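So that you can tell them apart, the chains are marked A, B and C in the order they are listed, and the count of residues begins at 1 in each.
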Amino acid sequence: MIFAATMRKAFSEAWAKRSSFWFQVGVMVANDLFFVAFWFLFFNEVESVRGWDVERTLLLLAMLATVSGAALGLFANARWLGQTISDGGMDAALALPANPLTYLLGRSVDPSMLGDLVFGPLLFVALGDLSVERVALFVLGSAVGTVVFVSFLVLLASLTFFVGGRGEHAELGFQAILMLSSYPPDIFAGATKLVLFTVVPAAFVSGLPTRLVDEFSPALASSMVGVAALFAVGAYAAFGAGVRRYRSGSAWTGA
Amino acid sequence: MSAYAAGAVAGFRRLVASPGEMVARACFYGVIVGVLSSLWRAAADATGGSIVGYDVAAITWYIVFSEASVNGTKFRMIEHIGTEIGSGAFAVEMLRPVRAVTFRMAGELGDGVVRLGAMVGVGTLFGTLIAGPPPRLETYVLAIVSALLAISCNIAAQHAFAAMAFWQHEAKGAWFLYQKLVFVLGGMLLPLQIFPAWLESAAWASPFWTMSYAPARLAAGFAEPWLLLGQAAWLVVLYGAAVAAFAAGERHLQEVGA
Amino acid sequence: MAVVEAVGLVKTFRTGRGRSARTVEAVAGIGFSVEAGERLAYIGPNGAGKSTSIKILTGILHPDEGSAQVLGLVPWEQRRRLALEIGTLFGQRSQLWLELPARESLSLLGAIYRLGKDRTERRIAELGELLEASDLFDTPVRHLSLGQRMRCELAASLLHEPQVLFLDEPTIGLDLVAKQRFRDLVVRLNEETGTTLFLTSHDVSDIEQVARRVIVINHGRLIYDDKVSVMRRSLLRTKLLEVRFDDRVDDLAVEGAEVVKGSGTGYKLRVDTDRRPIRHVLDDLLDRYHVADISVLDPPLEDVITEIYEARP
């Protein structure tokens, strides 16, 4: 399978520059620990905020770390897809006997984000209250979050096929979803909260997966999976439409 | 006009000529203010309307200025300085008849004035929309002066940190560490009053509070003008540190080649 | 009066750390002097010690041994004062601020060099004329072509009317026309204002057309110091012949000529004209073979310089 092969290659590339690899992993872990410290200080003063106490918020952090570690660590190229498209990287991808989207997504691994992928689950375990059910829900939740995250990035990148640019909007969208996923979604009021469920689906990246672990309900689980599937299909379709446009020669990829 | 003043003006003009990245940053700043103020307001609600002495309006304006002050300096400045030192571009600056590090800082200050202006503009708009006008007009004005001192202290400190590039050829690690120090010890994300005693002492003993907490505290409505004196004092120290660090770096170049 | 006096300069660097630490002798005893108004090419292979010796002369580095004076000042002791009297132009690093029009960079430099507003404006006008660049000064530098940018860089390095101008790879990346224009400008500058030129370049035409004197550095030592014309003359004894024959020729042999390369119908020959006049070689060739075409060439200066590098230790 080409996807696995490109992943393997990406891993060995990153592993070859070992000291840089460990440094970046260390930086990410330190970053996460910093956030843990932040939440401890915050909740030192206030018991809970709109139903979120320190444990649940740290669970949110664990979920976000796992999701971003998986999404940006394993599919690192997703973040730069818009730029790849505008730089003409599609030509190389289209010349290969593989699905261009899966090839481009699997092409590189970001070691610093893998630090998150380790930290997230570790934090989850450290929070205690482990049970087979919770672990399974954590895995399901992070899977949903990862699918939504990567799909969102692909959707943003696909815009480049239609409106050009160098993928700056994709970078802004990335920063926005990351920022919005870092805080309990219930702190936001009506309109903003709506955004989190739609335009910038941060709720599906961290908020809802966290609720899934704490307050499982089959309805919640199935609707989350449904939404994730919807995002994935939408991203695949949007990218495909973009590629068709690109191949027809009418896409503007002005650099 | 002195060379350094001219450098500051040039920094100002350069950013005005090419403001794209700053505009993106200002949008990002707007989102951060929205998110963080929502968080703190929810917190204040949960604790009966005020948290560690800040009511909803005060904490909103705190965030507006704490974030504006930090975003009023170029993102990853330490890394950029490090790259220029590591690549040898800095050696060219040593050929000019001015103190290179001071000239650089002057340029960053000119740049920072534009940046800070943009952030404070956006922030004042957002703050007023979210929580009404600033709690006290006098302290708001002081906050603006304090914010200028804040970015000056920030710029000087970043140059001192970035000097490690003379030895390491780059300064990525320094930037990362610095950012976190400002976020926490500087009171950008959390007012210092929320810290346990030992952490609060550490924060006061370090220079980072000058870069974010001081203007934020004033904007929140607390009449503490002595903060400005503290900032000015730290500015002198930090400037000296930057000059000394660069001088040490230049001496190091003598041994290993520029 | 000598504008540059260097005697026995030595500079050693420490590289690596711990067990792999080494000392590198970048400059191992270089000395020369340069008179006012000279046009000097200062050349050598990469790692020869050129940049290091220039950094010593401009005050960025101080030598471990030896002495130097530039315009009567000790560079590393009076760096900022010296900076007011010398100009530098780097082909690979810009002195201009790219987002701004050149005019604003020049105004800023005017403030840095303490020229005062009036003198700065006057100089900008003068340089605009001298360098045929007045129409370029109001465009943001990043929108200029490389050739146009280099003319603005030249203006920047000359704004404060320096007595000595150090040029480091100034024509790198320029197209032929721009190179030629640049060379003409600096020569004219030297002839009209007497500015001493100190040029480093890998481009042999830069050396041939701009410099009158050439110093060759290798392994931290000075291995050649003479007029460009002398350097050229010493290789005029060697000529190259490019010959094309009507019919295929195997085992080409002509007295006094050495086959450099070729076979079949095309050959390149080298002739030492001290041993045999080129006329006789040509006569032989034309008599004995059916020659379709023949050219007589000077060997490139490059070859000579390489020879110099390789000849001395």
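Going forward, contacts are C-beta pairs under 8 Å (C-beta built on N, C-alpha and C of every residue); 3 or more make two chains touch, one makes a residue touch a chain.
Quick caveat: nothing in here was measured; it's all calculated off a predicted structure.
A.B. asks: Whose Cα centre is nearest the centre of all Cα atoms in view?
C.D. replies: Checking distances from each chain centre to the full centroid gives B.
A.B. asks: Can you tell me which chain lies farthest from chain B, using the average of the Cα atoms as each chain's centre?
C.D. replies: Checked the centroid distances; the maximum from chain B is C.
A.B. asks: Go ahead and note the Å separation of the Cα centroids belonging to chain A and chain C.
C.D. replies: The computed centroid separation for chain A versus chain C comes out at 54 Å.
A.B. asks: Centroid from C-alpha atoms only, then distance chain B to chain C, rounded to Å. What do you get?
C.D. replies: From the centre of chain B to the centre of chain C is 45 Å.
A.B. asks: Which integer distance in Å separates the CA centroid of chain A from that of chain B?
C.D. replies: Distance between chain centres, rounded to whole Å: 30 Å.
A.B. asks: Which chain A residues reach two or more other chains?
C.D. replies: none
A.B. asks: Touching two or more other chains, which residues of chain B qualify?
C.D. replies: Not one residue of chain B touches more than one other chain, so the list is empty.
A.B. asks: Among the residues of chain C, pick out those that touch two or more other chains and give their numbers.
C.D. replies: If we look for residues of chain C contacting two or more partner chains, we find none.
A.B. asks: Quick check: in the complex, which residue numbers of chain B touch chain A?
C.D. replies: 24, 27-28, 31-32, 34-35, 38-39, 41-43, 45-47, 51-52, 173, 176, 180, 183-184, 189-190, 194-196, 199
A.B. asks: Quick check on the complex: what are the chain C residues that touch chain B?
C.D. replies: My answer: residues 13-15, 26, 52, 55, 58-62, 79-81, 83-84, 88, 90, 93, 95, 97, 99-100, 104-105, 107-108, 111-114, 140.
A.B. asks: Could you please specify the touching residues of chain B with respect to chain C in the complex?
C.D. replies: Chain B reaches chain C through residues 1-3, 5-7, 9-10, 13-14, 17-18, 88-89, 91-92, 94-98, 103, 253-258.
A.B. asks: So in the complex, the part of chain A that touches chain B is made up of which residues?
C.D. replies: Contacts found on chain A: 23, 27, 30-31, 34, 37-38, 41-42, 44-50, 168, 172, 175-176, 179-180, 183-184, 186-189, 192.
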